[in-house]
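The data blocks that follow each hold one structure.
In the two complexes that follow, chain A is the common piece, with chain B as its partner first and chain C second.
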Partner chain A sequence: MFLVENVRKVYRIRERGSWFSRQWKEVEAVSGLSFAMRPGSIVGLLGVNGAGKTTTIKMCCTLLEPTSGSITVDGYDAVRCDRQVKALVNMIAGGERMLYWRLTGRENLQYFGSLYGLSGSRLAERVDTLLDLVELREAADTPVERYSKGMKQRLQIARGLINDPKYLFLDEPTLGLDAPIARQLRRQVKQLAAEQGKAILLTSHYIHEVEELCDEVYIIDKGRLVAHDTPERLTRSFCRETTLRVTIPVLPDALQRDLRQLAERHRGTWDVAETDQQAWELTLRSEADLTAPLLSLLAAHQSPVLRLVTEQPSLEDVILQMAERRSA
Partner chain B sequence: MFQVAKATFLRNTLVMLRAYPWSFVIGHILAGVYTVLFAYFAYTHVFAGQLDDRFVRYAGSADYLSYVILGGAFYSFAVSTLMNVSRSLITELREGTLEAMLLTPSSRKGYFLGNVTQQLMRTLFEFSVILLVGRLFGLNLAGADVWSAAAVWLLSTGAFFCQALVLGSVMLRFRDTYITQNTLFVLMAFLSGVTYPTAYLPEWLQPLSQLLPLTPALEAFRHSAILGQPLSASAPQLMHMAILSAVYVAVGAVGIRRMEKRVLESIFG
Partner chain C sequence: MNEWMSLLWAEIKKEHRHSFHSSLVYFSLLIWPVVMFVTAYYSFAPFRMGADSPLARFVAPGQLPLFLLTGYLGYIFFWCLVQSAWQMSFERQAGTMEMIFISPVNRLAFVYGRSLSALVEGVWLFFCFTLLAMAFVGGIHVSGWWAVPLAFLILLVSAVVWGGFLSVLFLFSRDAGFLYTVLDEPMLIFSGVRLPPLAFPFWAKLISLCFPLTYALHMVRALLMEGAELGDLWQELGLLAGVLVLLVTASVFLLKRAERHMKRTGSMVLY
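Moving on, here comes the complex of A and B:
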């Protein structure tokens, strides 16, 4: 069991001062955060930039020490028993760092495996298994500097699994990857949790990724936990509005007036924008389903409908709402 | 620890064979060779082979060319060891692999041991080339106690390694390699008796020279290589090196650990 209890992280940042004076500012990146991870579950950690996601992950991986609070991994304290905890966790970050570019994929895994105490046939078998898992067997003996971005990311996944961690932290793992490769990675992440029972914590800016993968989501803002639930329940509780988008060729004043009245009657909002194709896109947001009244209204005005889309609220809307509240 | 050392040794060897900046090796050899050439021309053409009386008293020998050539070679060896070990962590930071390394429960001692043993191959090569060139310009090792000299050379590696830990933590602190290392190297060349005995230095500077492991290391090496003395004759210098090593390794170990934390905090803070 991975337990984060009332964890706080304060950075001391040096501010510009004169040559002879030092001024320090304290910035609280994480404030009283608590959560748990269970084997076989995928947990999402969401928040806007600067919410404290990366700091949280680094503390969970023992790279940073919490200012207060505790992180306990299978009974080991992450600060006092960091070596034991390091053996149980690993982290995979997006981007092309955390690999030795002049070594081949195989040599990278062999080196990192050695740092985790693996050797001999056990190490060789583990490396081969991981190369097969991330489909890099054919490129295993090619220097990493000749790998594509997707190949480097897959090798990162193999590196993150080299110690067979019980708890895996994924920080923007699909950042900048092409859609097919990102999909393949998501499939692998699901398999790791479902088939190997790993507990995974994921942060991602691609909200659909979190919705697809995560069993539960923690949303943090300015280092504080603001919500925790399944993606579906979070979405329903934060965003009840359904969005209707209709494209029409003409927008007479009378129709505009009636649309405004329709939105006001249902305590909704409406918006209009001209499209590139010299048409108008109307957007209506309301907790009520306005599809039928809207279509009736358009029919009454004899307005043809070029396109009609109904959008259910998503986790992205939850984050956007939070960001709007934050900046308000 | 030894498994980590072996893995790091292997990794560095592979990187060196594939993409090592050989300009570093050539640069170290050239620095040593230039010291030899400069001393040779100054000694033979400017001073016409004349030394003042104090040199024999301070150095224990009148063979200035052997004195300065060994000084140049040993200085180059010290610089290589210091550079290769102290830059290892900051290179990991710059190449983006520091986090991946710090995520592992590996021994930091093993990591540095792997670095230092791998770079011994390079420094031995550089040292040998400088000595070969030095032979052409008057290096005389006819009376050398080779085993004793080799033992001093190895012990000095340990002392430079300990000093490199402190240098490495200073580099991590300031995220700088160039100014930090070159300031130290200039001080070493000036204060450690590379081209002249430290007794020539102003009295107020002499205690500073005793803080640098290169000073006793060079004295002990010259005792064995020029005067042919056994290791026991250099006991005070070896003791001096041992004390400096103990201090440097204690400061360096704490410094590296603190700086690792500081660097990680500054990356995310």
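Moving on, here comes the complex of A and C:
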């Protein structure tokens, strides 16, 4: 069990001053954060830029020390028993850093494996298994500098798994990847949790990724936990509005009047915009499902429907709403 | 011990592939010190070098080439380590330092493994050149076959300890590059690479005591040029051992401080 309890991280930053004066500013990156990770589960950590996601991950991986609070991993305190904790965790970050580009994929894995005390046939077997897992066996002996972005990212995954960690931290793992490669990586992440029982914490700016992968989501803002639930329940509790988009060829005044009344009656909003195809796109937002009354209204006005789309709120809307509240 | 050995081997392999990937690198590692040696030798040429010259009080005129060869050999041992420590900034930039410190690897093994690999890769070619040049120049006076490997061992151990200490200093800050300037040229001047420290004024002698290269060179020259017996060197060996123990102790202490500092400030990712 991975337990983060009331963790706080304050950075002391030196502000630019003169040669002889030093001024320090304290910045609280994480404030009283608590969460837990269980084997086989994927936990999402969401928040806008600067919310404290990466700082949290680095504290969990023992790269940073919390200012206060505790992180306990299978009974070991992450500060006092960091060597034991390091053997249980690993981190995979997005991007092309954290690898030796002149070394081949195999040499990279061999080197990082040796940092975890692996050697000889045990190391060779582990490296081969991971190269197969991330489908890099054929490129194993090619220098990393000749890898594509997707291949480097897959090698990162293999590196992150070299010590067979029980707890894995993924910081934007699909950053800048093409859709098919990102999908392949998501599949591998799912497998790691489902088949190997790893507890995974994921941060990502691609919200659909979090919705697809995570069993539960923690949303943080300015280092504080603001929400925690399953992606579905979070979406329902924060954004109840359903959006209806209807395209019609003509929009007489009478229909406009009735649409306004329909929206007002259900405490919703409506909007209209002319499309490129000389048609009108109506957008109705309301907590109630207005599909049936809208279709009845259009039928009464003998208005043909060219297109009808219902958009359910997503986790992205939750984050956007929070960002709007933050800036307000 | 097994962990240390496997890590040392891994570091050597990594450094070899990463930093010594081309034969041109080895070529430069031979040519550059040879040019330095030749330049130093011919710098003395315009001066009076006879038996009554000021330098003759400290180095026999006929032994000047040998004196410079041993000086530059020792300097290259230590210079490689300053370079290797300086290269620590690469690990910071590439993000690989985070991946090393996220692992439970023995930090001291990492630091010394890195130093040893950089040293072996960096000096072997010039070492071979020096041995050949010594044989060609002549004047080697040893009391037994063991003097050459012992001289090599003295240089190797003291340079690795020095390199480990520097690598730890470079862990503290991305701005530690200034140490390169502070340590490299003064080491060349004050450690007795080109001039014997005995010829220095008092203040310069004090500075020379700060560099382990001074003690190592003194012993190497005693072994290879003066035919010193092991018994003659106990005092110097003890002194060098004392300095090295001090450096190792400081490295262990500073390594813990450096990691703690990085964990508190998050400076590991700053570059």
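What we mean here is this: the second predicted complex is superposed on the first by the 325 of 328 C-alpha atoms of A that agree within 3 Å, B and C clash if a C-alpha of one lies under 4 Å from a C-alpha of the other, contacts with A are read in each partner's own complex, and residues count from 1 in each chain.
Keep in mind that, in the parts below, a contact is a pair of C-beta atoms (placed from the backbone, for glycine too) under 8 Å apart; a residue touches a chain by one contact, two chains touch by 3 or more.
Just so we're clear, the structure is a prediction, and the values are computed from it rather than from any experiment.
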Would chain B and chain C fit next to each other on chain A once aligned, or clash?
-> clash
Now for A:297: first (chain B), second (chain C), both, or neither, which partner does it touch?
-> neither
For A:64, decide between first (touching chain B), second (touching chain C), both and neither.
-> both
Which superposed partner A:27 touches (first chain B, second chain C, both, neither) = first
Regarding the shared-chain residue A:116, is it in contact with chain B (first), chain C (second), both, or neither?
-> both
In the superposed arrangement, does A:226 touch chain B (first), chain C (second), both or neither?
-> neither
When the two structures are overlaid on chain A, which partner does A:98 contact: first (chain B), second (chain C), both, or neither?
-> both
Which positions of chain A sit in both the chain B and the chain C interface?
-> 11-12, 55, 58, 61-65, 82-84, 86-87, 89-91, 93, 97-103, 107, 110-112, 114-117, 119, 159, 163
Chain B to chain A touching residues, read off their complex = 3-4, 6-8, 10-11, 14-15, 18-19, 95-97, 99-106, 261, 264-265, 268-269
Quick one: in the complex, what on chain A touches chain C?
-> 11-12, 55, 58, 61-65, 82-84, 86-87, 89-91, 93, 97-103, 107, 110-112, 114-117, 119, 159, 163
Please give the residue numbers of chain C that touch chain A in the complex, ascending.
-> 2-3, 6-7, 9-10, 13-14, 17-18, 21, 94-96, 98-105, 110, 260, 262-266, 268
Where on chain A is chain B touching in the complex?
-> 11-13, 27, 29, 54-55, 58, 61-65, 82-84, 86-87, 89-91, 93, 96-103, 107, 110-112, 114-117, 119, 143, 159, 163
